[in-house]
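Order as written gives the chain letters A, B, C and D; numbering starts at 1 within each chain.
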Amino acid sequence: MTRFSSRVLRSAVPALSFGVILAAIFVIQPRAMSYVGMNLMLNLALPIAFATIAQLFVLTIGDLDLSIGGFVSLVACIAATWLNDTPLLGVAALLACIGVYALLGALIHWRNLPSIVVTLGMSFVWLGCAVLILPSPGGSAPTWLTAIVKFKTPYVPLSILGAAVLAFVVHVALMRSAAGVVLRGAGGNAQAVARAGWSLLRVKVTMYALAGCFGVLSGLVLVGTTTSADANIALRYTLFSIAGAILGGAEFTGGRVSPIGAVLGALTLALVGSLLSFMRISPDWQIGAQGIMLIAVLALRTLVNRLEAREA
Amino acid sequence: MQLTPIGISRPMTASPARSPTPLVALSGVTKSFGAVRALGGVDLAIGPGECLGLVGHNGAGKSTLMQILAGTLHHDEGTLVAGGAPTGAFSVGAAHDAGIRCVFQELSLCPNLSVAENTRLRHPGLKGFGWRQPAGALIEATLSEIFPGHTIRPDDLVADLELGERQMVEIAMNFTATGDRPRLVILDEPTSSLDHSVAAQLLAHVRRFVAAGGSVILISHILGDILGTSDRIVVMRDGRVVAERPAAQFDRAALVAAMGHVAETAPETAAAAVAEARPADRPIVEARPPRQRGARSLTLYPGQIVGLAGLAGHGQTALLRLIQNAAGSTSRFAKVEGSVAFVAGDRQADGVFPLWSIGQNVTIRSLAALSRFGLIDGRRERAVEEAARETFQIRTPDMDDNILTLSGGNQQKALFARALASDAAIIAMDDPMRGVDVGTKREVYARIAEEAEKGRAFLWYTTEFDELLNCSHVYVFRSGEIVADLPRGELTEEKVLQSSFEETADA
Amino acid sequence: AQEASDKTFALSNNYAGNSWRQAMIKSWETGTKAAVEAGAAKAADAFTTGENSPTEQAAQLQNLILQGYNAIVLNAASPSALNGAVKEACDAGITVVSFDGVVTEPCAWRVAVDFKKMGVDQIDYLATRYPDGGNLLEIRGLAGTSVDDEIHAGLLEGIKKHPNFKIVREVQGDWTQTVAQKSVASVLPSLPEIVGVVTQGGDGYGAAQAFEAAGKPVPTIIMGNRQDELAWWKEQKDKNGYETFSQSIAPGVSTLAFWVAKEILDGTEVPKDLSVPTLRIDQDGLEKGLEMTPEGGVTNVEYTEEQAKAVIAGK
Amino acid sequence: MSEATLTTKRPGLKRLGRSYPFLFSFVGAAVIFAVTLVVNSFNGAGPILTAALTFGAFTVVVGLGQMFVITTGPGNIDLSVPSTIAFAGAVAMKLMEGQDSLIFLGLAAALGVGLVIGAFNYLLIRALKIPPIIATLSSSFIIQSLAIAYGRGLMIKPPPLLAEIATGRVAGLPIVALVALALSLVMAVVLHRTVYGRSVAAIGQNIRAAGLAGVKVDRVRFATYVLSAMLAALCGTLLAGFSGGASLNMGEEYLLASIAVVVVGGSAVAGGSSNVSGIWGAALFLTLLVTMLNTFGVGAGVRQLLTGLIIIAVITLAGGRKGARH
């Protein structure tokens, strides 16, 4: 019984952090407590949430993707140029990108390579492609894309709905479905999965392809919001996605991940930025305050774990 | 969706034992790892409806042979016939199709998944919408059938389970049938982390399974289990089969002799000589389990060997850890004078450094003593490694080989060597004989006695009753508490069991 | 009209990791503090993000919208990637004035430096020094940014004008002195005779160091108003009459943008595209330039309301 | 140096890469150097190598610290390296005031800054149980703010002697490279021949087992984070001496670089096994790569693309390591 309740508590921590920060924001800036306010605070968090989920797939099998930021940038550049001007070419290019991701998975498996080095190399490759496609910032997002991303849903902003759907779908697919068990198992004990007769190659390829898919979605949502691209637009997503996943309770080993936590983690990161700008800190310390805030959020997690340990 | 409980394994229509067509037959199978010849031409056949006992010293090649049967290793030469047809490249899939299931010596569960999810991993048939419920029901049913009274629930995370519980899950999983039924279940040291009663439940289940027409290969270093459960016993030595007879034609002494060990000379008396405590004036360990009610506490004097008993997972390991951590720092629950060395029982989780050589694994606990001017003295390190190899007869061509190239029992010996080579005054042992063969066990007992004679103190948690006879007195644990302190003279298996189960009124 | 104002201003900045940006924030703080005290504005807060990331800055803009500032003065991480957020600000009735890093969104104002001209000027200058032309080394900035692209385009245009010049090698300096130094040092061994090094500002000292370390004669390096560059130049000038020129956009342009925003809020008709000249130091002005540059900093001027009006009027 | 490796006996290229995982980075560096020379029609071999040694040296210094951190196990990484470089460099320059006599004071202060940062990092990791990657990221933000508030990004000239040391040569070899080499030798001994080094590797393989085998886990991890920060601080001081002062962004490129030299150099990304030689191979490889691409004179996009592809090609040829058995 304690086993169960502690697990529930552990998984409630990301939601708790999110709630605490949101409450702080509402106190400092009541204007945020509205449809418009929530949308303004969170619509740029949606692409980060997608990137975080992409990262999560890679983390699930015990790998790390240092290239997701460059990849999302490239997707943004493709979407703002080819996808707009010659949609067929654009779609083909995006599919090819996912294909390359899947191949990376295969390469990493075949040669038994450390994912960090391969994706480190890929981060240069993606950025190089982005610069080649869009040497100077510009381009414009396809109108249909902007229309979708900026669509005003009734009552609840699209960014929140989107994040909720994302979290739910990935949760069901990865945490509840029968196929998800195999994928996560490969992160926990790859050998056991192989001994049970599953193909590790297929697992890796699937996970990297999924990462690619969600990277593409992230890039699309991003250009839809910004309407225009830049080769350097999403380089920070690499760090954000890792931070978001970790905030959401993921661990670097053993396939311990939580899609709902990861999405909440990404949103929490965005809210931290908002809270900081509402607090009006001297510019010297604005960057540092971001660090302190991150520490505070994670310290909260530790606190909860302590309480739980005392209970047990 | 209504899934009829696919059910508890009712192995196939019972066929007469020892039928002419064996389930699997190996002939002339060899396997080498680099310079190590693990199998040197093995012939073996197992028919339906029999339990084959497989014994042999550590590193004899038992696990390697089983891995070949399970399709996770490929043999170099020889033939393997499964299901009547010779198979060239035998794969995991082929083994599965032939109805072969294997409980590996080093467990293969995914710690990040729940029990039900691990079940799903093993049984590809469990899929589709709402798979969880039947998967849970299935494993729950098998667990209850084999281990009545267990407390494992399908949605427990494997990482949260005790080693013994994990072993139970793994065993149950392999006896579970979904679409296709298990015909041959390989159990590679299944009882090494189970306590006595649970082990008995398992062996009883093996008999039932065999009676219903299934086959089992049982590997164990606990010869009583082998003798009492098998129909036929195969003895391996140095990668070859050296004896094969119906179980009835073996007795303990014959088995030991066949394995290549010198016959035993009444083991208990050897230990008895040293087991008498010589309490010095001051105890070097005084500890109270955190959950202990009442005044009882554990004390250990220099030169003493003290046993910890009780059912697995009732706080013995936790207390050993606590004592280990309390050495060199202050703790609310334990006062420890002198350094502690720990011998892990769960060697993968608590003991082995998988990237290191055998030698490095042995010396890690003694490095400070092997250093001169802050630098580790390579020559002295090597000397310790070689001494360890000799005293514990670690089977390897080279102590520089990776630790994982050792057989399970030999890894365990390396861990023993690590602790005994150190300068620790107190050795905490967490069921340390898991998977160690009889011959080595006897030598280790002797070593322990010798060391105790020299003044070292031992805390010895074990799930095997016989080992407790080496101790001067035994603390019995239940639910994280010490519930009894039995002096050696009063030690009987019944008493230990009684204290382990019974709710005592007092404290 | 200098009556007490109830208008609030925010500075949105995207990078804080160099002396130029630090001087820019400082100028904003000193310049606007005076304005607030004089009652020309109710508040003027500075906001900065760390890593030159367009998405972070876009999120910051949206937060500023939510806080209800009347005007946002913006040094943008990207001319295009912030357009979505800038549009939202405009739609919320906020005046957006971009400077230095300007945005292309039509609803915003731009206080722009003609980066292209900065490129052309470098070649023009070199043409006066070396009428016969020669080989050039180019140190580029951050790849994929518009400033980098435009200065580069300016250089190419200048070379079209003076075809006897040729850029023989292009290296990446990322606007970071240590990177520039490394890149220059790494190509020096393979470089033919060159007459000049064209830069994007701030990389001159590192380049000079690299040449000196390799024991090669230092060509004419175009400087970028950093004090260390000017000091080095002065040293060389005194020693051997070294000649070059130095140019950069003054960090105090943030105050100019502030005053422009104030004018717009006051209802003055202001064209969407304004241009500020670069701050240029020539051989003769070197001593004076060095004097007005703080130790280890960038040559700077802050702008007044009058200067802003003059710029608006196109003078 | 004796490198800890698996000794599964199998012939050929794979075997070589397994017992000498660092070899491939040297081979890669050599190939790239050769290509550069060919393109350059065999001119300037000396200067190219000298430049590579100089700039490689800075990466090696931070890479050594990062290596120890990464060796302590999966998830361990020090992201505060860049801001430590900037802050420590600024502190050193400010205290030295451009005077030779104050060099030691400045250096000591910089190292002190490193010590405090390392201790703070581990405090976050241990006391607040924050995953290292986020702990060091957060502290890097704080340090960056400190650096801004402390130095306002103003560049203060280093003392002439320091500048001379940082840019000088002895027997044709850059002094910084010699310093880095000496440091590497010491670190190699520390890694392979001291209790601390063994403990780091033990923790990286199995932290639980390490604790039970008597390794002082907390002390060792603490020392490791402090070591990393102090080496970053040293690098910051040298770099400031080399490039004419400390600037706020001078550490930026060392975030990726410090990680890249460790992992390209053949240390196990998941911890437990590492080597010092590989750091040199990788540092030379990566700096020579920049030289080569600059020599080719290709545009930024193609340059990035080639950088990535070459890194992947080298690591693919080197291959990974397989666990022995389970």
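Here is the rule we go by: contacts are C-beta pairs under 8 Å (C-beta built on N, C-alpha and C of every residue); 3 or more make two chains touch, one makes a residue touch a chain.
Owing to the predicted nature of the structure, the values given are computational and were not obtained by experimental measurement.
J.: Which pair, A-B or B-D, has more C-beta contacts?
T.: Of the two interfaces, A-B and B-D, more C-beta pairs touch across B-D.
J.: Roughly how many whole angstrom separate the Cα centroids of subunit B and subunit D?
T.: One centre to the other, that is 44 Å.
J.: Could you give the separation in Å between the centres of subunit B and subunit C, each centre being the mean of its C-alpha atoms?
T.: Those two chain centres are 71 Å apart.
J.: At what distance in angstrom does the C-alpha mean of subunit D lie from that of subunit C?
T.: The separation of the two C-alpha centroids amounts to 33 Å.
J.: Name the residues of subunit C that each touch 2 or more other chains.
T.: Residues 16, 50, 143-144 of subunit C touch two or more partner chains.
J.: Can you list the subunit A residues in contact with two or more other chains?
T.: 127, 130-131, 135, 191, 286-287, 290
J.: Listing for subunit D: what residues touch at least two other chains?
T.: Touching at least two other chains: 141, 144, 148, 268, 299-301, 303-304, 326.
J.: If we use the touch criterion from the header, which chain pairs count as touching?
T.: Inter-chain contacts occur between A-B, A-C, A-D, B-D, C-D.
J.: List the residues on subunit D that touch subunit C in their complex, please.
T.: Interface residues on subunit D, with respect to subunit C: 36, 39-40, 43-48, 51-52, 54-55, 141, 144, 148, 152-157, 167, 239, 242-245, 247-250, 252-253, 287, 290-291, 294-295, 297, 299-301, 303-304.
J.: Please give the residue numbers of subunit D that touch subunit B in the complex, ascending.
T.: 4, 6-10, 189, 193-195, 198, 201-202, 205-206, 208-215, 268, 272-273, 323-326
J.: Residues of subunit B touching subunit A in their complex?
T.: So the residues of subunit B in touch with subunit A come to 70, 72, 92-93, 96, 102, 104, 108-113, 117-118, 120-122, 124, 126-128, 131-132, 155-157, 159-160.
J.: Taking the complex as given, what residues does subunit B use to touch subunit D?
T.: Residues in contact with subunit D: 33-35, 106, 108, 321, 324-325, 339-342, 344, 349-357, 360, 364-365, 367-368, 371, 374-376, 378, 398, 400-402, 404-405, 418, 422, 424.
J.: Okay, in this complex, where on subunit A does subunit B touch?
T.: Per the stated touch rule, the residues are 3-4, 7, 176, 178-179, 181-182, 184-185, 187-189, 191-198, 254-256.
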